Structure formats: structure tokens, C-alpha cells
Amino acid sequence: MKKFTSVSDVENLQEIIQKALQIKENPLSETQKGKGKTIGLVFLNSSLRTRLSSQIAAQNLGLNVLTLNAAQEAWNLEFADGAVMNGDTVEHIKDAIEVLNQYCDIIAVRCFAGMKSKEDDVNESILSQFLQHAKVPVISLESATRHPLQSLADCITITENWKKEHKPKVVLTWAPHIKPIAHAVGNSFAEWMQEMDVELVIANPEGYDLDKNFTKDVKVIHNQDEALKDADFIYVKNWSSFDDYAAMPEVKENWMLTNEKLANTNQAKVMHCLPVRRNVELSDEVMDGENSIIYQQAKNRIFSAQAVFSEILDELNS
Amino acid sequence: MKKFTSVSDVENLQEIIQKALQIKENPLSETQKGKGKTIGLVFLNSSLRTRLSSQIAAQNLGLNVLTLNAAQEAWNLEFADGAVMNGDTVEHIKDAIEVLNQYCDIIAVRCFAGMKSKEDDVNESILSQFLQHAKVPVISLESATRHPLQSLADCITITENWKKEHKPKVVLTWAPHIKPIAHAVGNSFAEWMQEMDVELVIANPEGYDLDKNFTKDVKVIHNQDEALKDADFIYVKNWSSFDDYAAMPEVKENWMLTNEKLANTNQAKVMHCLPVRRNVELSDEVMDGENSIIYQQAKNRIFSAQAVFSEILDELNS
Amino acid sequence: MKKFTSVSDVENLQEIIQKALQIKENPLSETQKGKGKTIGLVFLNSSLRTRLSSQIAAQNLGLNVLTLNAAQEAWNLEFADGAVMNGDTVEHIKDAIEVLNQYCDIIAVRCFAGMKSKEDDVNESILSQFLQHAKVPVISLESATRHPLQSLADCITITENWKKEHKPKVVLTWAPHIKPIAHAVGNSFAEWMQEMDVELVIANPEGYDLDKNFTKDVKVIHNQDEALKDADFIYVKNWSSFDDYAAMPEVKENWMLTNEKLANTNQAKVMHCLPVRRNVELSDEVMDGENSIIYQQAKNRIFSAQAVFSEILDELNS
């Protein structure tokens, strides 16, 4: 694996899921693999799970870890090509990347959507600079349009929780929120589920359809009750409008996931990438109920990251 | 030791003090004990000594260390049970804790008193959530009402500095400050000294008596000169009113510790947990004088933490 | 080496350059040297290269690393001797240093010029406290008047890029900026180049002469074109006025380094310590052109730091 920014960087999804599950069985089986090598974890945004799970995964592989909270610890970054830097920005992102090239064997970066310019976000204005200028493998810790380490953890979690022969019905359902949230987790989950042996349905209110480039032919239903019927897995996530970018068209129905809605499903397991706004996106009773596999999902972030780092190291060591 | 949040978690105080002193002699005697295990150091508040000494102690034991500055690096936390999270808070503390359960073998947390609601602080509204939701041992890096790693370091320091047969007279004396300060260090020192073979006296102005649940039958004197007479150890610390919670009743006398006041003692050793406001809580001449054992006390924070982490690891490894 | 805050702490410059180049060949040749020892990296200011290169260097030597973002993670520091600390400051720098003495075998600190009081900056009001109170070796990660780890990296980089017999002509040229910048890099480069076998010329507009204590007898030319003629190396850096401290006297000519200006040189290699304001200090075409050795210079920060840490460890281990 030469980089990891979307499902298309994965040669064989089932293989990497199995690898991650083996790592989960024995996380310290490759403690020498990363010895003498350095991974830089660059955060342009907040992080709890990604920050900690990436550090654990790297340590399990013997990698040195450099963590950089870019905005707080280093310099205010310029992203515009050709900018005359006579304003607030102190260092151009491409210079920061070129320096990271000198210091790191792997660069991992978190760069959320700005939610201001649709064009910038759709074009991955920041991640694209990493991909362009990095001379070492780049790993996305969530970018403007995708959150692939999360999606791989989601695949691992579904695999662990489905032992039946037939395809599970997986429903990605929109949930309420109080401010415009990015599409990365929704897009990414849609994309990865299309590579899994599942029946995927997306439920969201009118005006909230995700970018067709990610959802492709997946069935989109604007009625949550109808979508949830017989669901085996429910993935709860908010996102703002994509068409009317970052807008929040009014939603009259209550889309918060509750136990009442769960009753309508095939005892569906409930998933969420966290952080979650309790009693807004889903109710306390769901979050704390026995159908939730949300913390297991969080734990699998370690093995998702470790499987990816391990495959990247295979490439570097080859 | 299953957790460490107060002196009542210590089975045998003299034993752990001796263990800490042995560690001080040879800090690298147990470098394999924590191998493959991870301690999460979660800071909801500022920290210098606790942050650094905990990292050193953990590294000396071979533990992996994850440090999280929760507010700056992760998400704005909600603490209220049952909250409808439609405001500024992004992640519920109990979800953050459940995730830490997945990532850490030990969770250590600093969660100061908010100094706004007496009830919240007295009930340890944050630490109690860690104790309730954590599935791994919890270590307090200072909570609303106690600072046990500091108190253990204080016990170690007094032990090192007292070789006589009779009990030393230890005076915990209030000191001036410019804003309302929490009671944790005062409470905790009072509590731990009651388990030590010392004669404890507390000196504070009227209106500043500490919570009786901590001081119990310890003699409280409202006249500093009287209290300091023949002291062998003086512990300097400010706190605000407990009764009129977080208020700062006027104090007419000057309670700042000076060399003049020291002259009245049995060449008392001076202690302070740091940070200290020079020339407010105590004078430069005391801080920089030969009676101060304050930096030694700071150093002992390493061995206090290491002894505790080591006992927690004994439990985990058993 | 007992400390490292200026070129005068280096016994033999050529020797340490050669040592750094050997380390670059084999960075992991001394992984046991720092085992069981701790370096504290204290940042009072932002840092990217220094932060990461110091961590890598320390890890390569087997040192434990404690990183402290003092202002954000610990306490607001007081710097004035004898201060009555009844204001915003919570901990005196000398107490913080005394505590670092207890925790670290080496203290490295970044403390920029405040650019408010010439006297404070010239007297290194912060670094001087570290030198006064530290009981362990002190390493400057850039102070008010010097940036010695950068300058050593600059010497390494020039050595790598000059194989001819005759002395290279090295021009330190002032560059435009939008706000008052400190003199540390300029001073330091001037000082170190005087110890190298080069012909140093400084070019800056009238009113921008550096402190004579650093530039001594080096030729200062107020005409950039004249200075750049036949240059072999050009070091680009802004600084504000030293005489009229921190002022920015008007400059009518355009001092931004461009390809047009490079044409006038002996195919000069271009250097900059980074971060650089593109199209203000130098043009994109220079930054991205083949004459730039700026990223190589950034990489050499690792070996500069590692050579220094290694010599400091020799002293500690002796």
C-alpha cells in the first residue's frame, strides 16, 4: 500500500479486515516492524479517537511518533498556491509538507472540510497538497470528503458482528445536529460499504442527499421508518446539505434514533463514529443500550490504523 | 491497588512510602513492568509537575504514555447526565471515558474543582464519572477535593526529612492569594497527615476552615503565630472559604510566610505544592532560603507517581 | 560541551560539523547513549522544525523526551526578579526551572525576543534565567539574540554544498516582511559564519544594521545588487531595526529575492531558516527552484541537534 486516503488505496478489502482482526488478537506481534522509522501525525483539527488510536497503533509497530497540533504548536498555514504571504499566514502548507518529508517516513494528516467553499472541499484543497508534495506515504486521518481509517474500522466491526450467511441490511441514517457538519464520514461509509457484501440503504431527509460520486447507485430513502425496517446495522451520522452546500434545510420529522425506532428493525446493531451529541443524534437509551456497538467500533480504530500502518511499512521495507 | 484517588485507596501508607524511596534509589529497577501497557494521562486543566512527573514515572516503568489535553486537542465535553446536547458541548464525558477504556490499561485524570457549584465540587462531579464508567484503574492527577499524588509526595518528603524519634509538629498554614483557589491540596494534606505519625495543626483565618470531612479532629488555630510556634514542618497553601463557598472573606493580618515568622519555629522545613505566588503566599527569602524543601518535594512527585503506577500494575499483572 | 547557547560553546566547529555529517550517514549509531536520561523541550513560542527535529534527534540517541508547551499546558510565567505575584502570573520562571532541574538531565528551551524592550532582549532576560538557575546543561532552541542549532545546521549545509578549494562568498541578505521580526537568526548566522572558512557579506537597507556585537568587522552593504554579485550562498532573512529597536524604517527598493537577482550571482545556493513568507521574502520561483537548498537545510536540523545532544551526553556520561 503506497498511501491510504480512500477505499481505492486498498488492494483487497477482505484481506486487510482479516489482518486487522489478527492484529486485534495479538497487537504486539510486529513490534520490530517500524523500528527506526518515524510517523508524523499532523492535526489541523481536533481529535480524540484518531489521535490516541493512531499513537497506539504506531507504538505497537515500534514506530517513533511525532504529533503536531499544527495551528497551536507551529505556524499559521497558507494554503493558496502563489499567494503573496503578506497577511496572517506565516508558512505555506507546501513548505511544511516538504519539511515533513525530511523528518518522517510516513505522514498522516487530519484536514477537515472548511465548509465554506464547496469547490475547495470537493477538491480536497488541503489533502491534495499533501498528495502532491509528500515524498513519503500519506495517510488520511480524515480529510474534507473521506474518513477512511474510520470506515475500515466500521468494516471490521460489521465483520465481527455478522456471522449469518445472508447479507446484512446496513442503513446509513442521517441524524439531527445543530450546525453544519461535513460529509466525510457519510461519504466514506457509503463508499466502503459498496465494497462489502452487504445491502446498503441510505436514509436522509429531502435536501440532504450525499454527493452522488460517493453514493453512486445506492438506494436513498427519504423516510427513516421505511429505511430502518429490518435493518441489521444502523449507522447514525449527521451531515449538512451537499447540494446547497453546508446549508441546513428544515427537517419536520424527528430523525433522532430512539429505542422506539429500533423496535422496527431486525434488532439492529447501532454504530456511530463519535463524538456523538446525545439526545440530539440518538437518545441516551440507544447509546447506553445493548444494541450499541459504538465503543467496540471505537476500539477497532486501533486495529484499523495498525493494519494500514503495517501495510505501509511493508511497502517501505520492501 | 485497584485505583488511586485518596489515601483510603492505600492499604499500607508506610509500605508505599518505603517503596517510593526505594524507587528513588533506583528508578529504573522495573523497566519491564509496564511493557505493552498504556496509561492515558487526561488533562482537563493546566499542569507542569504532574504532567512531567507522571510521564517520567510511566516511562521508568516501560509504560506507553498517551497524553491528552482534552479541551484543546479533543472535544468540548458535556458533564451533565441526560443532557440534550444541542449547545456548545460536543462529546459526553462518559463516552470519552468509555473510549479511553478501549485504549488504555490505566486512566489518569486531572479534573479541578469548578469553584462555581459547591455541590458539584464536593460530589466530585467529574471524577465520579470516571470512577463510575472506567473499566480500568483510575488515578487522580488532582480532582475537585483531593490531590493524592501530591500528598503521597509530601509524605515521602517529610519521611526523608525527619530522623528524630518524636513526632514532628506539622503546620498546614493558609496563605494569601488573589483569587478563589480550590481546597484539594489542603484537604488532601490534612487527610494524609492524619495517617502519618505526626502532630498536625491547621492554621487559617476565621471563615477559612476546611471541610470537616477532611480535617476531622485536627486542631484548627486562627492565629498563625500561635500555630507556627515550634513547628518542624510548615506546609503553605492558599484556599478560599469552604463554608461560604469560593468566597474570600477579608483577612486583616498578613499571613504571608516570611523569615521573621520562621524564626518562631523549630527551624521548620517549608513545603509548598507549587506553583507558588512569590511574595504573596511566601516571601522570596523563604522560597530561596535553606529551610525550603519545596524543590525536593517536587522531585518526589516522580517517585510518588511511580510507586502508585507500580502498585496498579501489580494488580493488572496479577 | 557543558551548554549550547552560542558558537562560543563549541570547542571545535569543524569537528562538530563532521560529527553531524557522520550522524547523517548513520543516525542510529548511538541509540544507547541517552538511555535512562531525559531531555525536557520547553517551548515558550511556536515551533515546527525545532520541535520535530529535536524530538527525532533525542529519540535517535535513546533519550526520553518531555515536551512542554509552557503557556498552553502549564502556568502563566513570571519573569521579573522580586516580583510581588499578585497579578496574572502564576509561577515564577525560576521555580519552573528549579523543577525542571529535578526532572530533566538536559533542559532545552525556546524563548524568543519579546521585541518590546531592547534591554530585555539584548540581555536575554529569559535565557539568562535558565543559565542562572539550571543545574543541568541548557540548550537554546532559539533565544532572544541567537538561534545556534539553526546556525550549526547552516554550517553543515554549506559544508555539504561546497567542494571547491577557495572560500565561498556567503551573503546574508535582509528580506522584506510585514511585521517586526527578531534578530536572532541574523545575529547567529553572522556569528557562526565568522568561524567558518567563508567570505561573509551582509546586505541590508539603511537603518537595518544588525548589532555590531554580532557582526563585528563583517562588511555591511546597503545595496543588495552589489552585495549579491558573485555570491555562492545567499541566506535570506528578515529582521527589524536594531538601532531604533523593532521599528521598520521605510525601504524604497524591492529586497525580495527573485530569479532575476539570482542571475547576478555565481549560481548561488539559496538558504532560509523557515518559516518563509513566499512572494514577500523570496519569490515562489526561487523557493521552488533548483538553487534552493532550504529543505536540505531543514533536514540538517536533525543532525545539528543530534550532534549537540550527543556532545552534551558525553559530558554527562563522563
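We just call them A, B and C in the order they show up, numbering each chain from 1.
In this section, a contact is a pair of C-beta atoms (placed from the backbone, for glycine too) under 8 Å apart; a residue touches a chain by one contact, two chains touch by 3 or more.
In this text, all values refer to a predicted model and were calculated from it rather than measured experimentally.
Colleague: For the copies chain A and chain B, give the interface type as same if over half of its residue numbers appear on both sides, and as different if under half do.
Modeller: Counting which numbers both chains contribute, under half are shared, so the two copies meet through different residues.
Colleague: Rounded to a multiple of 5, how large is the rotation, in degrees, that superposes the C-alpha trace of chain A on chain C?
Modeller: It works out to 120 degrees.
Colleague: Per the centroid of Cα atoms for each chain, what is the distance between chain A and chain B, given in Å?
Modeller: Once rounded, the distance between the two centres reads 39 Å.
Colleague: Please list all residues of chain C that touch 2 or more other chains.
Modeller: Residues 72.
Colleague: Can you list the residues on chain C that touch chain A in the complex?
Modeller: The touching residues are 28, 43, 46-49, 51-53, 55-56, 59, 69, 72, 178, 274-280, 284, 287, 295-296, 298-299, 302.
Colleague: Quick one: in the complex, what on chain B touches chain A?
Modeller: 36, 38, 40, 64, 66, 68, 70, 72-75, 78, 82-87, 89-92, 95-96, 98-103
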